[in-house]
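Letters A, B, C and D mark the chains as written, and numbering starts fresh at 1 in each.
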Amino acid sequence: MVKIISAKEAASLIKSGESIMFGGFLAVGSAETIIEELKELGTSDLEMIVIATDYEDKGVGILVSNKQVSSIKTSHIGTNKATQNQMNNNEIKVDLIPQGTLLEQIRSAGAGLGGVLTPTGLGTVVAEGKQVIEVDGKEFLLEKPISADFALIRAKKADKYGNLVYDKTARNSNPIMATAAKITIAEVDEIVEAGEIPAEDVVTPGVFVDYLVLKK
Amino acid sequence: MVKIISAKEAASLIKSGESIMFGGFLAVGSAETIIEELKELGTSDLEMIVIATDYEDKGVGILVSNKQVSSIKTSHIGTNKATQNQMNNNEIKVDLIPQGTLLEQIRSAGAGLGGVLTPTGLGTVVAEGKQVIEVDGKEFLLEKPISADFALIRAKKADKYGNLVYDKTARNSNPIMATAAKITIAEVDEIVEAGEIPAEDVVTPGVFVDYLVLKK
Amino acid sequence: MEVIDKRVVIGKRVAQELKDGDYVNLGIGLPTEVANHIPEGVRVFFQSENGIMGAGPAPTEGAEDENLINAGGGFITAIKGASYFDTCLSFAIIRGGHIDLTVLGALQADQCGKLANWMIPGKMIPGMGGAMDLVTGSRKVIVAMEHCDRRGNSKILDNCSLPLTAKNKVNLIVTERAVIEVTSDGLLLKEVAKGYTVEDVISCTDAKLIISENISYF
Amino acid sequence: MEVIDKRVVIGKRVAQELKDGDYVNLGIGLPTEVANHIPEGVRVFFQSENGIMGAGPAPTEGAEDENLINAGGGFITAIKGASYFDTCLSFAIIRGGHIDLTVLGALQADQCGKLANWMIPGKMIPGMGGAMDLVTGSRKVIVAMEHCDRRGNSKILDNCSLPLTAKNKVNLIVTERAVIEVTSDGLLLKEVAKGYTVEDVISCTDAKLIISENISYF
């Protein structure tokens, strides 16, 4: 059952060298408070999985700028020069993955699948080293699941069973990442009693959520 | 853009021999009115894709009882003796598919994937004739996409752009099937103006919906 | 023992396996009895694979909602804090290892921990429904079934003769006569129901049983 | 011609391709100009791949919502009848062929209809973001870009030299000087912008062009 903890406690659960999926896109829908605590703690050598590395001083970019990250799986680093510089200096390993593929790989892990076949990336550098599988005369790339030790996600509201709803485009990768980590921590603006979120409106059922953190 | 038509017009779009995904489970969340019109029209030789064949006199079972169906992809026929009898008499071809697999196959078609790898069915008759693919030392079955000419789904409410919301467990397979057919027709209890369904609450975006039918 | 009594004995014993906070899927038929015997102080969440987490008890007569059913087609209610989702997400929850415990009925279970529960060739083919995914994906699987079939033949065999539901192992077999754990060495008889002896269980079980040194009675 | 004027010329011409009821994805940068020139009587739905269908124009100053942005990170509004969804469903919409038209910028396009738009090795590697999925999955793809780069070199080549975005073909290339259709025979010059001649376009284009017998001017 879901437990309510502080942002500092949440950050303390994560050890150096562990992998983290960060919900959010361009610092919208990010678990800001927990990210700040991670910066404070200085947890290092993190493996980051995120749609984009945001900005140097916002979102997950804060942890990149602070040199706490050793590898990143992402689809876009164009808004964050720190990522690009550290990549060019070989301080950080960056796997660039088409955004739709990255999300399907994360979903696969959460849904107990061994991967998916996608046409995206065929005939490009993305296909290098990957298995090509033909299905009914069409070729596809086999893309494997991506899971993580932690998912740090951000929602608008949670009830005490961990059911979550999101705000506008701050939903983004959060519902998918919530399914795919050993431990999922949701930073939320508000925690309400069970039953206060109508059952129809729940986007992420509490079964996926381990900890709730109230945003500062 | 979505068009509003009658149940009779909807049923008339479907020709004998075509394939139809039917949303619903045990006659809950079924496009009842359109199914009745299909019975009326006597469209025959239909290929049915459905989670379960419901009851002899309810849900999609009506079309089975009326001998309008030549093949079925489903996970369960235990509640409908007509399906079992016609199968035993070789009047109808039935592919039994694990429910989770069937839904992933439908999702794959809707999401432009070439299929998924699932552990479900390994070591059982389900695996017969299927490709086994090893990913990081674990075996999976390759399950291919399932699409259809039509998806007949049922929702609680639509707005004029085709955005849909569902009622309780009547949601079931409807949102997935809505994505995977050439033409998707939604039977709904109510049609409201655009904007009357809050953007956060939409479960099936109108982009997946071609026609709306008001339930009788 | 009457069928109804057997159900209660089995349901009560399986319910002892529930842990506070567990997410649980109860199969159709016999396993639903488990919900009537949840230990005090334990709160669990019941999933029904058609698309609800937080299924509640059957409604009182007249209060049924035609759009609120479980995977067996029976009317249910929803607890406060329940959620609805599509069946594809429901099976993502199941196959993805997010369900703590699945309780299923079976036609046969065997000494390797395999089970068969979805067809009798030439006789009855209801289909596997969600059973294959549930056995494949759940963290723990309990088979809850009568020890013998209607003709008195053991349903616990050396090897299932009917088509399998999954190659994955079940963890525990609970009948009205015994609790049997599936171990890497084989079937371990751990508990015997009151009114039966270890010898009774051995004599009505086709599969080879390892007998625990500390048999308890339930 | 000023950059701003080029954008307007390109945006206006691409907008002529919009059909009533189309679901459209406009890439980052130049393609967003298209939204300012939607023909009268045409209603289209704009998707932004982070998770909205029904994106509306930028908000007035002070009315920005920090949780409502497009794929370029810019503040947007939502039209009446918009919907929000997660990014995975957003790409299911894209890859699944549910988007009628995608308009993307490019670094290069070639006579085979291939395009390159996500990296310049050793110089700039922003990443592909959603571009590979958009080109792979959309029913129709238009490249909207300036005809030449800042040094005056043609961006329309016999073969792209930069890493490709997809092996799928784009359908149409629209620049401030020309409208070029990708056909199975090669690049077909169909329209020339006012102020330019067919010869102007040929001379500033590296790729071989087939000249339509009915050139029109836009």
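By definition in this document, contacts are C-beta pairs under 8 Å (C-beta built on N, C-alpha and C of every residue); 3 or more make two chains touch, one makes a residue touch a chain.
All of these numbers come straight from a predicted model, not from anything done at the bench.
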Inset, instruction - Determine the set of chains touching chain A that also touch chain B. - result: C, D
Legend entry - Of all other chains, the one whose Cα centre sits farthest from chain B: D
Inset, instruction - By the contact definition above, name the pair with the higher C-beta contact count: B-D or A-D. - result: A-D
Inset, instruction - Report the inter-chain centroid distance for chain A and chain C in whole angstrom, where each centroid is the mean of the CA atoms. - result: 35
Legend entry - Whole-Å separation of chain centres (CA-atom averages), chain A against chain D: 29
Legend entry - Separation of chain C from chain D, taking each centre as the mean of its C-alpha atoms, in whole Å: 56
Inset, instruction - Mark out which residues of chain B touch at least two other chains, giving numbers and ranges. - result: 104, 107, 111-113, 118-119, 166-168, 199-200
Legend entry - Per-residue multi-chain contacts in chain C, two or more chains: 52, 78, 84-85, 91-92, 94-95, 136-137
Inset, instruction - Please categorise the chain-chain contact pattern as a line, ring, star, complete graph or other. - result: other
Inset, instruction - Return all touching chain pairs. - result: A-B, A-C, A-D, B-C, B-D
Legend entry - List of chain A residues in touch with chain B within their complex: 104, 108, 111-119, 133, 135-136, 138, 140, 142, 144-145, 165-168, 199-201
Inset, instruction - Would you tell me which residues of chain A are touching chain C in their complex? - result: 1, 107, 109-113, 159-161, 163, 179, 193-195, 197, 199-200, 202, 205-208
Legend entry - chain B partner contacts - residues on chain D that touch it in the complex: 20-21, 23, 43, 45, 47, 52-54, 78-85, 91-99, 136-137
Legend entry - In the complex, chain D residues that touch chain A: 48-52, 65-70, 73, 78, 84-88, 91-92, 94-95, 125-133, 136-137, 163-167
Inset, instruction - Please give the residue numbers of chain B that touch chain C in the complex, ascending. - result: 25-26, 28-29, 51-52, 74-79, 84, 87, 96, 98-101, 103-104, 106-107, 118-126, 166-176, 203
